[in-house]
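Letters are used for the chains, namely A, B, C, D, E and F, taken in the order the chains are written, and counting of residues starts over at 1 for each.
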Amino acid sequence: MIHKFLFLFAFFLLSTSQAQDFCVADLKSAQTPSGYPCKSPKTLTVDDFVFSNLRAGNTSANPFKISLTPAFVDEFPAVNGLRLSAARLDMDVGGVVPMHSHSNTNELLIVLSGHITAGFISSDNTVFVTTLSKGKVMVFPQGLLHFQINAGGGKASAFLSFNSENPGAQILDLALFSNNLDSSFVGKTTLLDIAQIKKLKRIFGGRG
Amino acid sequence: MIHKFLFLFAFFLLSTSQAQDFCVADLKSAQTPSGYPCKSPKTLTVDDFVFSNLRAGNTSANPFKISLTPAFVDEFPAVNGLRLSAARLDMDVGGVVPMHSHSNTNELLIVLSGHITAGFISSDNTVFVTTLSKGKVMVFPQGLLHFQINAGGGKASAFLSFNSENPGAQILDLALFSNNLDSSFVGKTTLLDIAQIKKLKRIFGGRG
Amino acid sequence: MIHKFLFLFAFFLLSTSQAQDFCVADLKSAQTPSGYPCKSPKTLTVDDFVFSNLRAGNTSANPFKISLTPAFVDEFPAVNGLRLSAARLDMDVGGVVPMHSHSNTNELLIVLSGHITAGFISSDNTVFVTTLSKGKVMVFPQGLLHFQINAGGGKASAFLSFNSENPGAQILDLALFSNNLDSSFVGKTTLLDIAQIKKLKRIFGGRG
Amino acid sequence: MIHKFLFLFAFFLLSTSQAQDFCVADLKSAQTPSGYPCKSPKTLTVDDFVFSNLRAGNTSANPFKISLTPAFVDEFPAVNGLRLSAARLDMDVGGVVPMHSHSNTNELLIVLSGHITAGFISSDNTVFVTTLSKGKVMVFPQGLLHFQINAGGGKASAFLSFNSENPGAQILDLALFSNNLDSSFVGKTTLLDIAQIKKLKRIFGGRG
Amino acid sequence: MIHKFLFLFAFFLLSTSQAQDFCVADLKSAQTPSGYPCKSPKTLTVDDFVFSNLRAGNTSANPFKISLTPAFVDEFPAVNGLRLSAARLDMDVGGVVPMHSHSNTNELLIVLSGHITAGFISSDNTVFVTTLSKGKVMVFPQGLLHFQINAGGGKASAFLSFNSENPGAQILDLALFSNNLDSSFVGKTTLLDIAQIKKLKRIFGGRG
Amino acid sequence: MIHKFLFLFAFFLLSTSQAQDFCVADLKSAQTPSGYPCKSPKTLTVDDFVFSNLRAGNTSANPFKISLTPAFVDEFPAVNGLRLSAARLDMDVGGVVPMHSHSNTNELLIVLSGHITAGFISSDNTVFVTTLSKGKVMVFPQGLLHFQINAGGGKASAFLSFNSENPGAQILDLALFSNNLDSSFVGKTTLLDIAQIKKLKRIFGGRG
């Protein structure tokens, strides 16, 4: 009787490849506008759907005193095409996530521990800023500048979730001061003083 | 004069490859989150756009006394990327389409002949069930459990249409009882008795 | 014990209104770019999800000898937002569906009876035409001119399905000849003779 | 000089209402297929973008020994239209999230504490199951049956994130056994024994 | 200190490939439903993001006395996946853009010089027609027949923009009269006289 | 005979309201995530589809020596839901479009006259900058910082097109310096000197 049943539903098995349930990224192939091509579903195991290292990183190795551990498509290929990813943020005392924006995703921040002052600026230049404690959630809409500052006397941590599997982040200081963008262009388009620009270029490794 | 005209519009011919009109699936290539890569439009004929076998299948070869003939992307590559496909359902006397759901598509059922009792259950657990005769159409929203039962004394048939070219179907009994999912897990997560689970695993070929 | 369970899942009942399962159109409210606002789910019964009249219309009341019975959002509000709808086409001997296109949907045609010559023209002006018999399915990609002609000695009928709940149809003759579009504009932009334009304007009720 | 600058950019202020940055739900208005209408941006404060209660609920009030605290659009109107939401799951010793699926969203589960055995079943009936510890992340694709079981000797907790602001959840037992769906229909479409069905209807409060 | 900062942000550099910022088309690879695969971002320079030739073409080489210079994905690979492209239209005295429609894009026309009579026909056959001068903008919704006529005594020019990187254009005369579509089919589906059809087939190079 | 034809196609007229062809914004109603509700199509004339003022504004009224004239949904309600809009940019000698980004749209810039140095910075901090002359087109991907500088000895002008009807623009200086964002927050998250911040707050009218 088993064979009959399996025969009955064979059309489903044939016509519904796993690829429409999910599309685990074949990271070696070229991306398309919708994401990476899919690995063959026959090769997949449960380990493909698990990311094992969403843990605190080393916050003492850098001046901003933070670490960010991403589970984006390049680290976690199972989220390819699923419009979903996550990251863990850890902040030492005095830690700061510098001003940045995400070109293609909204963000949810869930505070795990500590106190975090977080804010974003809307496109009519209104500031939305507050201090969050454990269990608070804040949303940062796509494309808007935002930041987080450890507001407490101890460490702070948070989970971040995104509605993109491949969140792009543009960090303001790195965009302006870590490359060869001509200082006079930065000056004209931001009205920052040239001396200030040169100083930050030295900090962030920029030239020009 | 013809040449002049053809020259005039040559930019259209050059700039508008057939691929944005349609994208007939190259089934041998790996899928992407948006579907299969396209076959070269130069190789296509009208036969690529026609599916020839949306006919009644054999309803007597299985205990559920039904047959389903799909025209999904794997059988009908022309629907690739078009968010549209169809199938034909035939039900013998006593035929039943078992409880199932579609993860990525809504469904329209159009009764061709006979009487079909059809129902779905919404996510607040309301039941929507009725008996349909020829010419009636019922819609089954994406992701919700639904079923069809031949309610008449003769055969019944229907066309199904979907707003996906690759409808995934999860048949409840097969999901729970045709694989190696541990019986204790099934028991804990459904509260079904272990004896019941074992019985159905025997019917559907499952282990564990 | 029942109360305990219902209490347990109360958050689901509260947080998941039926509206994300479906959004049955409130046809009295103004549309939005995503469709009509939703009727309150509490008022819905199974009849909201059933369309009862996908049957043959009167093919003898008009010169084209066809009838089309739609189940679009305005007739079948349950498909609002679901990107799916259907229609039934009946063609008398000699019946013709005149040249037309759909601005916002692909189309599947499933032949129910008779023989239908159907074709579409791609944007590089290639013609894809064939004659379909019962059980054949043909796909007509969005926005391309297409037509159907009863090719047999008897009646013909078909089901149509669409991946829009509100298929727009632009019928070539009506667009050009049933309104007040200036004949000289028609002439300049189509190179049709003015006499031909005037003749067709008389047939289709146009002025200008 | 300030006035001049503000005048300069006035077109931006005028033409870019806050509503394209975000669309905080006006929960009193009828939903549309794209979500709720937006509250006037002028009325918003930072508190609109913060959800304060993503904390452990009471896991002892129900037989499944779990609690789920959602931050979906109805609790957290700021996520309206942003395709993103979150929830917190707490599981007592022996706690179980029963078999269920989400019709319109993928899910990420991030383990906060304890050990959780989690699994999903793909549409070709392959089982993907594993046991997760703190810091592990697992993805559950849209529309597929999945479950979680507390696998440790103590409590367990997790954050869930979704790429929908309004995740629909269909809990298998409630869909089948908590309503008035006719027991004979359940039997025919699942092959469960009628006695088993009746037993579960008693547990989950169903009739019929 | 620079090294520390660069180390700090290394996760961003690693996890955010350029491909989610943009996806410059690799025109040699097969398209997918979402567009061409992306070129490796490491090979790109600013020249990839610049199209150099949006200039007036030769309007005297053809009977319609127009030229159209496209910057679509095949000419300007940087717009791949970005849902945006442009073209320049030049019209000599008496120039006409013949009746046509776009299957997959809306269009904005911005008049640069001269006077242009432009119109479109909605799917309920209403005509929207007017004469535009320099600085006027008109929108032509997707899939609807539209046309432009030089209404002045001198040349006219315009920029066109589209919300597709690969706008398909179906030019009515070419669709009907430049191919081997059987004249009897054209006649039956348009009610045009056979003599008229034959005449236009001679002009546009059609057979049949 | 006219009546017969009109009767024949009455189903099209009834079932295809103009609203699926277009959805001209009713600006007085609350927005939804998909845009404004639609005005009744019966009230529309061709003037609804025409924007009359895409002309040079006054570039001498402000220190940046530019003007931007938008044709976005609030000025041009016909583009509601169409994912398309335009603007005109005029730059006096020395004019500068300050560093900014668009949260929800890509941008095409088409140079009309003069010479413009334009650049954007990708999320891996690569700079793409060049000087554009008349007829050149440059694309600026969504969410990335970009700028334009008049590079010539005379005026410069350009058309901009967007694949959103409601482009949000975040101008860096206004976001940081025109509001009440605490200077210490700006300092910590950008490493700008407090004196520099205070200076720019004075210029742009900020407090805090």
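Quick note on the criterion: contacts are C-beta pairs under 8 Å (C-beta built on N, C-alpha and C of every residue); 3 or more make two chains touch, one makes a residue touch a chain.
Every value quoted in this text rests on a predicted model; they were computed, and no experiment measured them.
Listed by label, the chains that touch chain B and also chain D are A, C.
Judged by shared residue numbers over all numbers used at their interface, chain B and chain C contact each other through mostly the same positions, with over half in common. Seen as a C-alpha superposition, chain A sits on chain F after a turn of 180°, to the nearest 5. Distance from the chain D centre to the chain F centre is 36 Å, each centre being the mean of its Cα atoms.
Each of residues 12, 16-17, 20-21, 32-34, 103-104, 119, 123, 125-126, 129, 141-144, 168-169, 171, 174, 178, 203 in chain E touches at least two other chains.
Pairwise, the chains that touch each other are A-B, A-D, A-E, A-F, B-C, B-D, B-E, C-D, C-E, C-F, D-F, E-F. Within the complex formed with chain D, the chain C residues making contact are 1-2, 4-9, 11-12, 14-17, 19-21, 23, 26, 29, 32-40, 80-81. Residue ranges on chain D touching chain B, taken from their complex, read 96-99, 101-104, 117, 119, 121, 123, 125-127, 129, 141-145, 147, 149, 168-176, 178-182, 185-186, 188-193, 196, 199-200, 203. In the complex of the two chains, the chain D residues touching chain C come out as 29-34, 61-64, 66, 68-70, 72, 74-75, 103-104, 164, 166-169, 171, 174, 178, 203-205. Chain contact summary for the complex, chain E toward chain F: residues 12-13, 16-18, 20-22, 41, 44-47, 49-55, 71, 76, 78-79, 82-86, 88, 106-108, 110, 112, 119-120, 122-126, 128-130, 132, 135-139, 141-144, 159, 161-163.
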